[in-house]
């Protein structure tokens, strides 16, 4: 599977980027050359240099260390949203196909309703009203991205549900849960994985937007989005400040999208073969 | 017929000012000190301050205290009228203050506590009968307390006044969208209209601080306050930057009713833990001044005797904490902050407290009625909060706002140090031209600063950036005014 | 042609039924979406009673105010009460400044509509244009360039795009203001100048996604048998592309377009914050931050209505363009 | 006797020489194909699936799939060299002088535009007529291809047409400009026998009326033999046999052509074999007075059926007659409206969840689908699929499951080594055997087979038929066998039941019914079935193949 993916040059680049991001997310706080919270009053708003590789922010904190330290939170936050979306989307998506009309109808309408909510505004409203914190924010985003997973799962499950081998299993006396286990789950997972990859990217970008607006993240904890926001605020003193966090966000989101595309393509080839 | 003709002139003499909107357009229900900047667009006050903070005539031509100091009489100018046509006479003034006394949601009441009753003496003379000696009232009347609103409008619909001001100020409102903008045109009937050269004033809310300068450069706004660290950038972009003395001061409010600050030693420790020099250097690009009392050092109410107290002394702070039984790192406090305060201040305070072994967590409470106002100013729920004052017209008023029993910035309220209250009464009873006035005032400041747990940090001047077409900014210590401002 | 007429009638009826069916789904969706919105306020635990009572609040006054506001009733009744108010144009009054929420929202609606509308327009025009070029030239250099552009651009958060645009157009070139809003009726050119950067910043994502979807749709549709059929029939390429292929290829793009509307209306909050435009998104966010529940609910309901309306349009359009798809659903 | 063309050989209308079609990677899909076709001639191209028939046709029309190219060879149409034509000239030629209809007609119409408008569009593009003139011409053409209610069809969308109707619309489009050459690529393949007969008739009639030159492609030798004067047989991209139809059929040159002819013969001839095993035994499966349908629509009406152990019942009937519905009702997938179904004397209709699952797990009643690929989970190995029912039954003993698997595979003649493969790595015949093995693993007493051989080629079809016959004889498994192909039914069934619009209109011993149908519908069905006929007259020498 992975080997097949690696045939795409974009997938190779994506893997490389994601590997770096994964290392940052896991070891970032330990790799940081300075304490990300430590303030150096004698070095405010420094340009990149040998002591502070990416310079310092307005409080004299090492931007590079903050970037590293912020990786964990940023990545975990996206993963948290995606997990919530996965759980809330995939299970009903599967069941909506197999559990009868009424259940299906209700599910579809609820998902439609979720899709009708103005995305960021609703995330903000939810976060603010449930107590401003990253976990609340991610919970809100997770719920809002549920439809994406629901739809992917359901579309795939629908195409399987009408397959003759499902009917064959039923004719041999298989129960719905047996059918789900033996025939459906394994087939639904690949497209869900594709959706999860691209959604992780989307979440990263959404988290960045929320933190930019001051939602969800409480100082002094660094996140990529928060760093980008402060760097934009200090644009005059550090004209190239935003480049590093922006690049990190864009590269990660791009890598996840590219991976999703490659996954989709290779899946298509395989079924075509 | 406002602005119907003379559109060209209005277009030319238009100023767009990015500031914030008042909590209410009715002086009686306006709640914060900063409101005076905007309330004074629509309203004229009985008196006004000059650049040095001295009282000058305004709606009132003159005022006199009776020899026993128990009555105060204001002589109004002739032929004043509100923008709704109602004459602004002694009766109108009396009606306004009576409303301030009686209206249920009035925030004026504590400010005019010392006035027992109001009288008129002819159409142009208002007489205040005082319940106690209070020589501060002429100062107080320079702010929102003396910003007289139309009694006709108030009688018609008090609630509407909060959204649509009817005063006799330099401007008249023509459009208002709550939390967005308020547009004004010049009021030809303003008593000092000759000095108003701005034909149209468009007040908008403060933009995202990161784009304020871009907005000035691109001409979307003409006047805006900027942070001290943006001065250099503003100058580099060919904007005019005006700095002027202010009464601004930042503080870390401390609630002595909440643990761990119910132990005075902990509160005292915090005072020694703060390195004000570092705050000034890091946060204000050197434009600020350290202060340990609610006034900047240049102001006459500043107490020089207190100046050197609570100098940065982490060792002493640690010792105090140890005495109170808190080992380093064993104490965690929650600091409530809001997004409008100086960027970086909370984190810096957090770091400084950390150095003496106090761990802290920041919690954001947005400014607004159901959160900051009710939670911090009214319910006084937090143990500590970062805030600041913009000052008041009268130093006594100012001291009461930060230390008094009903002061919104006294987080320990309704507690107020008794000695401080006594000293305040003494100040009130002292005529402002009396030789002992200054000394008594400084003593009240000293007592407040000593006996209240809140920690004052630093003061920053007014910093206003303007496009070059706007000239002669008029900034008095507690507010920005528009008399004399010209537009090219 | 009596029979021809009846057939036309039959298709007309089928379309009507399709519209009816879409509406029939829309209503429950509206109620569920508004219920979610309403529950958000309930779950928040924020209480206007305490705020209204102010510092003089005694438990009795709070209880009385709660009863006055109907807050002591079961949630379902509260919802029904609220939604019936909503349907009559009564969204309650702001807890913060006592202004009717509907009024607050109406003042801001033109701004949000301007930004979202222009963003939608720009997104559709450029998205479809690029998608068309990429799809027709698929596999070519232009296609690869457009695909790469779409991939990169769609990974940029809108606020970064906004800043880049401000840097270029407001600070360097000084062509466009970086904040503020001028009503269209006052000054159309000023309006366009004020709206264009925020709208473009928002539309970038729409452009990228639409282009991608249309390209995919075109590549699939171009390989369909009916295209070969049309070639064999001797039709011109232009005719095949615009008459035959495009309507069938636009399905995924249109669907994505419908999904983008909530993103546009919701995403406006970022651009409105950056450009200091007092739109609905900013109102919603500010109100949410200060716990002004009626205003938050009001803005959400109005957004939902807008989004539902857009969705309805897209669905009907899809039904007209692709009767087979309509039939299948 | 068909219409005869007396003209002497003239300048060929179409001449293909040494045509090679290659993929981008250089793989040759069509190799060295040459033939000539005179104006007014009819040429059939036959060959198994994938032999290059369609690519040859597409090469002529210059609509090869992307990535495929003509590597060498020349194609001349009249005096134009098609291989060096520019786009503009192609536009003048296509649809006017040259036109084509294809297999799967529905997909060649734009699904979103009413057919009338597509017809008008073609007319206007080729004939440059005004709007109303084009419309009149369109209606006329629709009537010409056999629509009585032309104006209704005119406004219908493609998805509202049946396959036969869509093919007729396409033919109308193809002939709208009076082309000289019509290429019909598997124009009837997916159609029902009776519809197929109609369409072939239509093509033949048009050919004669309009002096069309025709290329008819099919994998069914019988179809081609009915219309075409000449035939070429392709295999693996090359011509293996060519010449006048009669001589190719009567004297096939290649072994492949011979096998095609023989395969075709097999099922019809073998009809003699089944000796009815049925005595008067108690029926294993008994259906009485069955009514069933979808929603309010009744599809099955008053059906009675009996099946004795070891008996094979052939079920025939046109598309939509309710064959599948009947089987699915017996299986409990569709509720009965009235009537009874008994298995071994016990009622099995109306069973609900628990007992129904019990019955299904017992395996007594098994179903075999038409398309073996789709009825096997692509991600499960053959072994997993075959033993699925055993697992569902709750059997956990590995050894006994393995044994059952081995036996089932052996019974259908599948190599045990194939058990670990995925379905897509098996041939069609092997897959169908695997599906039957899956049914056998559960020890069924009744097998319901829905077109089990339609997807198979002639050779595989024969093997599977033999296998089923053996199961009936050796294991006594009773079977209901649906097929479109009357030859297969004749070859395997003991009895035949004819279903027409949901009713059984005729039933009886297979040989009797097929040889001497009593119901008019059965007669029509039998008449429509294409037959291999080498009885065409000697064709004039208008055709040569190399």
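Residue numbering begins at 1 within each chain, and the chains themselves are lettered A, B, C and D in the order written.
Definition applied: a contact is a pair of C-beta atoms (placed from the backbone, for glycine too) under 8 Å apart; a residue touches a chain by one contact, two chains touch by 3 or more.
According to UniProt, the chain labels map to these proteins: A = Peptide ABC transporter permease; C = ABC transporter permease; D = ABC transporter domain-containing protein.
In this text the structure is predicted, and so the values were computed from the model without any measurement.
Asker: Could you tell me which chains are in contact with chain A and with chain B alike?
Answerer: Of all the chains present, those in contact with both chain A and chain B are C.
Asker: When you average C-alpha coordinates per chain, which one falls nearest the overall C-alpha average? Tell me, please.
Answerer: Central chain is C.
Asker: Computing the C-alpha centre of each chain, which chain sits at the greatest distance from chain D?
Answerer: Comparing chain centres, B lies farthest from chain D.
Asker: Roughly how far is chain A from chain C, centre to centre by C-alpha average, rounded to an integer in Å?
Answerer: 22
Asker: Centroid from C-alpha atoms only, then distance chain B to chain C, rounded to Å. What do you get?
Answerer: Centre separation, chain B to chain C: 42 Å.
Asker: Would you kindly tell me how far, in whole Å, the mean C-alpha position of chain D lies from that of chain A?
Answerer: 49
Asker: Suppose each chain is reduced to the average of its Cα coordinates; what separation in Å results between chain B and chain D?
Answerer: Computed from C-alpha means, the inter-chain centre distance equals 90 Å.
Asker: Which parts of chain B, given as residue numbers and ranges, touch two or more other chains?
Answerer: 210, 366
Asker: In chain A, what residues contact two or more other chains?
Answerer: Residues 128, 132, 232, 235.
Asker: Pull out every residue in chain D that's touching 2 or more other chains.
Answerer: Touching at least two other chains: none.
Asker: Strictly by the criterion at the top, what is the full list of touching chain pairs?
Answerer: The complete list of chain pairs in contact reads A-B, A-C, A-D, B-C, C-D.
Asker: In the complex of these two chains, what residues of chain D are touching chain C?
Answerer: Of all residues in chain D, those touching chain C are 61, 63, 66, 87, 91-96, 98-100, 102, 104, 107-113, 121-122, 125-126, 149, 151-152, 154-159, 170, 173.
Asker: Write out the stretch or stretches of chain C touching chain A in their complex.
Answerer: 25, 28-30, 32-33, 35-37, 40-41, 43-44, 46, 151-152, 154-160, 163, 167, 259, 262-263, 265-270, 273, 280-281, 284-285, 288-289, 291, 293, 296, 299-300, 303-304, 307-308, 311
Asker: Over in the complex, which chain A residues touch chain D? Could you list them?
Answerer: Residues of chain A touching chain D: 163-165, 167-175, 178, 182-183, 186-187, 273.
Asker: Which chain A residues qualify as touching chain B in the complex?
Answerer: 37-39, 41, 44, 58-60, 128, 132, 214, 218-220, 229-230, 232-233, 235-237
Asker: Looking at the complex, which residues from chain C come into contact with chain B?
Answerer: 46, 48, 50-51, 54-55, 94-99, 104, 107-108, 166, 170-171, 174, 176-180, 194, 273-276, 278, 283, 286, 289-292
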